[in-house]
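Note sheet for the following structure.
Chain nomenclature is as follows: A, B and C, assigned in order of appearance, with residue numbering initiated at 1 for each chain independently.
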Amino acid sequence: MATPNSPLWEVFIRSRNGLAHKHVGSLHAADATLALQAARDIYTRRGEGLSIWVVPSSAITASDPAEKGMMFEPAESKIYRHPTFYDVPEEVGHM
Amino acid sequence: MAVANVQVSETPLVLYTLRRADDALILGHRLSEWCGHAPTLEEDMALANMGLDLLGQARELYSYAAKVESKDNDEDKFAYLRDVRQYRNLLLVEQPNGDFARTMVRQFFYAAFADLYWRAMMQSKDATLAAIAAKSEKESAYHLRHSSEWIIRLGDGSEESHRRAQTAIDDLWSFTGEMFAVDDSERGLIDAGIAIDPAPPHAQWLRTITTVVNEATLALPASNWMQQGGRSGRHSEHLGHLLSELQSLQRTFPGATW
Amino acid sequence: MYTQALNTSDADDRNVEDAARAAAFQARIDVDERIEPNDWMPAAYRKTLTRQISQHAHSEIVGMLPEGNWITRAPTLRRKAALLAKVQDECGHGLYLYAAAETLGTSREELVDAMLAGKAKYSSIFNYPTLTWADIGTIGWLVDGAAIMNQIPLCRCSYGPYARAMIRVCKEESFHQRQGFEIMLMLCRGTDEQKAMAQDALNRWWWPVLMMFGPPDKVSQHSDTSTKWKIKRFSNDELRQKFVDATVPQAQFLGLTIPDPEMKQDEAGYWVPGPIDWEEFKQVLAGNGPCNRDRLAARRKAHDEGAWVRAAAAAYAEKRKRRQFAQAAE
């Protein structure tokens, strides 16, 4: 008999105060509480974490890599959004 | 050549420390037996973590006992060269793993006690014991959380898991009383503010486990008859087998360094 | 972390793919771009990776058994803690790898079921028994040493989730080989009995470890596609040679003799081993190693005996969801 699938969770860990949570991996657990415990037991064994988020993998909506052009390329030409676009004489100092 | 058992001068403080060390080692050893065989990979990781916590506690306590005793003993001599009659652990922790429910119930009963006990011991007048307690308390708090969540899921999960969890509670219940027993040797240390009197935490322990057991739709047995003996070396038959495995290399190769 | 070149070629499947997309895919690989789960990929790439990553994961999990055999008998508390932590790491590595394989679209359960049914392979090395404590040292020293040779290049594998898992694994594994070598060192500096134990373990493990790198390049059928896809960056023989050259001086340091009377150093300084018994390798892969049956039986037992626990957790989660739903409806 095939083994029934158990839900997949994505794990995010804040490694130090002041840093954002970062995706570190996934795990299987029947519910959120067990997922959080498992995340602690699997992904923080070497003092990697101060805070954990677990999110059902199925709750993530992802952009489609095939739409990369439409999604991301239009931003590449907006160079005026970056400070280096503007010329300020050196004698003005840091700005 | 047979390897002789070490002799231990069991002054009250040495004995007291060894008892806690033995609890941690034997329970940690039991948990380590699961490694590679747990119901899920996630739980395999968790059981090993708890085992490593307990092993760490045991090593610190043995080292302290050796220091207090000031003889030739060390953590490994205490662990590997004492016979079953010299071991001082609770009967509860030497009980075999059985199924996952039995392992979790054993963990739950012990962790609920250890958590309160270590917390109280943080106030010990003995600075080393207080420091070990401060570290161990955080570990046992997590063990309690982890095992409680499983007791709830097993009790309130399927019919089969409920039955297995209830059987484990019924079978292990009579080993819980020993955690709260005090003998003369400990009484003096308690009066001196070094050891912890386990009697006061009993009511809190009972409240903690009752809450979880109720939520799990399980029941605690009515019987109050409690087994005793581990603290003075009168163990169940299980411990001898555990030790023969644990100690096999040290006993087979006398004096070798590993 | 143990991988082994066991894959067979899936190049035929590629014919059905849209040629333009396949060309664009290959172009990305050629400029060292990483492929991510939702990206288009040739079916054969998906299949090859699913198989390789899951075999790798199975190897980690089955690999817990031979070393786990000694956790309860480790000779000191320090060794016991290190061994338990190491075997636990292997469980974690199996778990990371299953997760990486799952991103390709096959569930962990399905992958595990295939292994338990004997349909999926795992590294041949774990079908040998651990008879003495020296075997634990030897596994750390040689088996982990061989694995590291294999897995460091995998950190740059073209498939993002596999590469990321491998980076994590390599970081965690850094203590494994040292742990093993330290055990060997203690034995080799110990009593005559301990030295003999160390030599005996090396004698038994040496050849199986050399086989971990897979068949020789001249008969390996699948390296071409894997190389083109940058899944594999070095050939079996290249990695094996690297391993032998790194290991011989370590054995000399320990005062142990490599059980290969034909081994010699060539003019360039490379150590050239004698012929490997590939028939033994074939037999072990085919299920006829000394422990194949025991290993599968142990994994099946854990799986079967855990079924009611997994079912209980699922049942509870379902109940809780229903209760929350009912509460919300009130």
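Here, a contact is a pair of C-beta atoms (placed from the backbone, for glycine too) under 8 Å apart; a residue touches a chain by one contact, two chains touch by 3 or more.
Note that the structure is predicted; figures quoted are calculated from it, not measured.
Student: Once you count every C-beta pair in contact for both, which comes out on top, A-B or B-C?
Tutor: B-C
Student: So which chain ends up in the middle if you average the CA atoms?
Tutor: Nearest to the common C-alpha centre lies chain C.
Student: Report the inter-centroid distance (CA atoms only) between subunit A and subunit C in whole Å.
Tutor: Distance between chain centres: 28 Å.
Student: Averaging only over C-alpha atoms, locate the centres of subunit A and subunit B and give their separation in whole Å.
Tutor: 40
Student: Please report how many Å separate the Cα centroid of subunit B from that of subunit C, as a whole number.
Tutor: Taking the mean C-alpha position of each chain, the two centres sit 35 Å apart.
Student: So which stretches of subunit A touch two or more other chains?
Tutor: 6, 27-30, 34, 42, 45
Student: Please output the residue numbers of subunit C that touch at least 2 other chains, ranges allowed.
Tutor: 88, 92, 95, 307, 310-311, 313-314, 316
Student: Note the residues in subunit B that touch 2 or more other chains, in rising order.
Tutor: Each of 40-43, 45, 49, 153 in subunit B touches at least two other chains.
Student: Over in the complex, which subunit B residues touch subunit A? Could you list them?
Tutor: Per the stated touch rule, the residues are 40-43, 45-46, 49, 142, 145-146, 149, 153.
Student: How about subunit A: which of its residues touch subunit B in the complex?
Tutor: Of all residues in subunit A, those touching subunit B are 6, 27-30, 33-34, 37-38, 40-42, 45.
Student: Which part of subunit C faces subunit A closely enough to touch in the complex?
Tutor: Subunit C residues touching subunit A: 36, 38-40, 88, 92, 95-96, 99, 102, 107-110, 112-113, 165, 168, 172, 303, 307, 310-311, 313-314, 316-317, 320.
Student: Given the complex with subunit C, which residues does subunit B contribute to the contact?
Tutor: The touching residues are 25, 29, 32-33, 35-45, 48-49, 51-52, 55-56, 58-59, 62, 75-76, 79-80, 99-100, 152-154, 156-158, 160-161, 164, 245-246, 248-250, 253, 255-258.
Student: So in the complex, which bits of subunit C are touching subunit B?
Tutor: 61, 64-65, 68, 71-81, 84-85, 87-88, 91-92, 94-95, 98, 133, 183, 186-187, 190-191, 193-194, 298, 301-302, 305-316, 319
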